[in-house]
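All remarks here apply to the structure that follows.
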């Protein structure tokens, strides 16, 4: 296991490198640069800006320069926020976005797991259809629609919750729900389907036949094994939470980095984009690693 | 059982650690974190007026009514509030609260004294001598002299500063040479710096020398980019000089705190020459119109600020007794149009192309466009200059006349559109109301037989494309940099202008606008511009749609909002210092 | 898919016989599917939607471009059951035409995802070792790559056609499928019936197609049924950024986007296309569930 962890950690390095490379290449192939605006800058202004940010160097050199600086912890200035470095921007926003994602994930698990289990145990009964309906409904409504509706209802009409920001705990509720509904539905669905598979397993029927108490059967046998595919999607769920947070952070005006991420693509803020992508890549890789590790924990038959 | 609960616990713990690992970095002044809901505890710098700012530390929330603080939505986080980086309306808004300029506009955009109390112009129009007020101080109490003005202009033109927007004042002698220099030699750069035509001849006199006569020069001087910056602050704090709490300016407000991407808190500057304002200012950054409206209805903000509400909401609010008296609708110096790339068929420079371009002008039902599509937020336009500016003309361009349009099409050799290419590309950036406007225009053109294919693009891609290889049709617009027709006719449509994306060329037009730029007699100038407008109607580089207007909400407690045509979507920009609150 | 537990504290593991190949797997499945009322209802709705998409020109009362058939933002009335939008266009007609793009996005994307993701995941899961590692690291990189940047680039470089939107979304979606299939194969590989088959001399091809793949269909189907609306939703987010189908061609996602800012005043404009998306989704879900139940060889006992 230890060797496995080390191998995976080492494998992360080339992943990050290739992600950086791919980002860099794609960035420079995408038309439009950071200085393209509706009211354009004079050619001299553009030249001066390019000189200041080393954009006049050949691309390969720019890339190496970037890597070299990054390895020393300097992720460059931001083009769109020239008074702050990329490191500062990310540091100030990352914590907030992670919190948002965390709450959303908790919400998703708390809503999704029980719904899925319930649906599986009461398979093909109205309870099954109802829970699936609820789950699917929450999933099929785009999160920005859900977010906007919830602001209108809970803030503007009922005056129960603030319209956004991140200042009090009450401000966390609507964004976490808006972000977490999608994963909740996915979790419910996968839990249900994999539990159904497990329920039909002979060994479970045997355990039941032997008179083991229902609850024990559920916990001991079914849930644990049913969790396997659910855990699989936790990886993409984390990825979704980071990019989904862009929309949610925008609508609830939360000062996290989700907004930075897509904004930097749209405004061609290359350093901020690189750092965001690398952060995203590392987060996804870590999430996937945790997922793979948990396969091993859940099912001892899986060997690495 | 052990495994599964251990696993679950483990997963949750890992996530919890990840989540709690970084709480929000504290805002730049407050020791508390943004997560806590408490008031921002900030140490007030020495010398601030205690009386007015007593309520400055109250956190605006749904519960309180905002006290003596005007809570204004600026929409997005300004990229930088260094005056030398001023290039969009959000930045300019904040910069103008924190800084003062040599001259200042009144509500009709006439030039009035600012930091300078009077000025003289030499007979040849090349030398402007400004006399500063006496006793001027920076917001930190240090004295303000003419040297600060000289320093700031030179910094603006310094290639190392890489300011994006020096165009406005590059008529100053020596500015362009300095700005475009590629030299790395310190001595040479210093020489160029010394050659810039901005000199402090004594502590209160600044002499600015132009390289050519500019009738409109004074009106370029209240742009935020020209605001003086504090040298001592820059030398001490470098990159952090333009963040709270270091910011030093000459404007009516001081920057107390800045929680990035969230809000800025401004308090009165007792050292402001015009007298400290009566209110505090909290600038929030809510981007989405629905969220803004919700915050407004929830009493979290006092001014909808930068937000453009949807057409449906606009109509609803106009008819809603609870809110209709809180509406402020005003016009701005902006015009929007459909521009042609005359190097591409079919709207090209040939006589047929010209007739087609004229035809389009008669085919657009501007009234319906403004009233129904834009919910009345706009004014019908047929010529370039918006109302409220010298040079505005009412009856020059085409009106809505489908028959005339069809007739022109026939004359061009394309009766009912027969023979025209299908799916002519019409591009635009996919923001705000443009999709609606473009779809409406598409329907108008379809009615006379012209089939266009809408090609929306993401903004950056669009601007680049517009610059390098514009589509046959593309949507464009202009907002005033300074309230003078020169900023419009010459800067956009002169054939050698860098803005002339459509590559339109009309020699007579070029002659007229070049002459008008230096003509001192205002009446003669206006006549020259009238002729230019007539040329634009006959040989259209663009089909003009409408002039800009804004629809904003202000709580009844807010008194004294004064708008100008150059507020850039953030009403009251130049006169927030005179606003009072009566809760 | 389940895994035999190692509950040594409790009972001896049960030896599993290799699953007997059901006779006529598909007719079996079909019979079971027909009994599942929810699945039948879902299938009916899907067929209706497909018909709606194909015959939109005949069904819709107005064309989707006709402007100001009423005033802007009219409330639903008998003439205009779903009201009008900012340009006075009939929402009912636009909704009907919207079925075209939305259905196409969902289906085409998933087809590509299955064709690409399943084989890749199968190979990784079966072969294991360095091949698995390589494929998984490759999907890690693609995964780690922000879908949005890739899509923006692709669409900017190739042009704004609907086809490229499909392709871009599909390329961003296949890694999930690949990982899912790989996980299935990994766990199935260890099962006794697979060991038995291998011992009996089955070739890898036979193992994969006869044993591993059929037993993985459950999660694959679930993934596909969740993937279809996911693609529809992704298209909505792209519409949000101005990269969806070019106007005035409506997709449900772009209808939602256009109406989003007006949610305070005319919420129905958002509700109708939102409902359309939801109903489509539900239908696919019920059908997917039914298919999974019907295809599961183990549930022969449920009859």
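Order of writing sets the labels: A, B and C. Residues in every chain begin at 1.
The working rule: a contact is a pair of C-beta atoms (placed from the backbone, for glycine too) under 8 Å apart; a residue touches a chain by one contact, two chains touch by 3 or more.
If you're wondering where the values come from, they're calculated on a predicted model, not measured in any experiment.
Looking at C-alpha means, what's the farthest chain from subunit C?
In terms of C-alpha centroids, the chain at the greatest distance from subunit C is B.
I'd like the most central chain, judged by C-alpha centroids against the all-protein C-alpha centroid.
A
Please compute the C-alpha centroid of subunit B, do the same for subunit C, then give the distance between them in whole Å.
Distance between chain centres, rounded to whole Å: 45 Å.
What is the distance in Å between the mean C-alpha positions of subunit A and subunit B?
Computed value for the inter-centroid distance: 35 Å.
Mind checking the centre-to-centre distance between subunit A and subunit C? Centres are C-alpha means, answer in whole Å.
20
Residues of subunit A touching 2+ other chains?
Within subunit A, the residues that touch at least two other chains are 30-32, 148, 152, 156, 220, 224, 266.
What positions in subunit B touch 2 or more of the other chains?
If we look for residues of subunit B contacting two or more partner chains, we find 288, 290, 293-294, 429, 458, 461.
Can you list every residue of subunit C that touches 2 or more other chains, as numbers and ranges?
152, 156, 241, 260, 263-264 - these are the residues of subunit C that touch more than one other chain.
Okay, in this complex, where on subunit B does subunit A touch?
Touch residues, subunit B against subunit A: 1, 3-4, 6-7, 10-12, 14-16, 18-25, 34-37, 59, 61-62, 77, 79-82, 85, 87, 159-167, 170, 176, 179-180, 182, 239-240, 242-243, 259-262, 284-288, 290-291, 293-295, 297-298, 300, 429, 458-465, 467, 477, 479, 498-499.
List the residues on subunit A that touch subunit C in their complex, please.
Within the complex, subunit A touches subunit C at residues 11, 14-15, 18-19, 22-23, 26-27, 29-32, 124, 129, 132-133, 136-137, 139-142, 144-145, 148-149, 152, 156, 186, 189-190, 193-194, 196-198, 200-203, 206-207, 210, 220-221, 224-226, 228-229, 232-233, 235-236, 239, 243, 247, 261-262, 265-266, 273, 277, 280-282, 284-285, 288, 295, 299-303.
With touch defined as at the start, can you tell me which subunit A residues reach subunit B in the complex?
Answer in residue numbers: 30-45, 47-49, 51-52, 80-84, 88-89, 91-96, 98-99, 101-103, 105-106, 148, 151-152, 155-156, 159, 162-169, 219-220, 223-224, 227, 234, 250-253, 255, 259, 266-268, 290, 294, 297-298.
Under the definition above, what is the set of subunit B residues touching subunit C in their complex?
288-290, 293-294, 309-313, 315-316, 368, 372-373, 375, 429-431, 435-436, 438-440, 442-443, 446, 453-458, 461
Which residues of subunit C touch subunit A in the complex?
Contact set of subunit C toward subunit A: 1-7, 10-11, 13-14, 16, 36, 38, 133, 137, 140-141, 143-150, 152-153, 156-157, 176, 179-180, 183-184, 186-187, 190, 218-219, 222, 226, 229, 233, 236-237, 240-241, 253, 256, 260, 263-264, 267, 270, 274, 277-278, 280-282, 285, 289, 292-293, 296, 298-299, 301-302.
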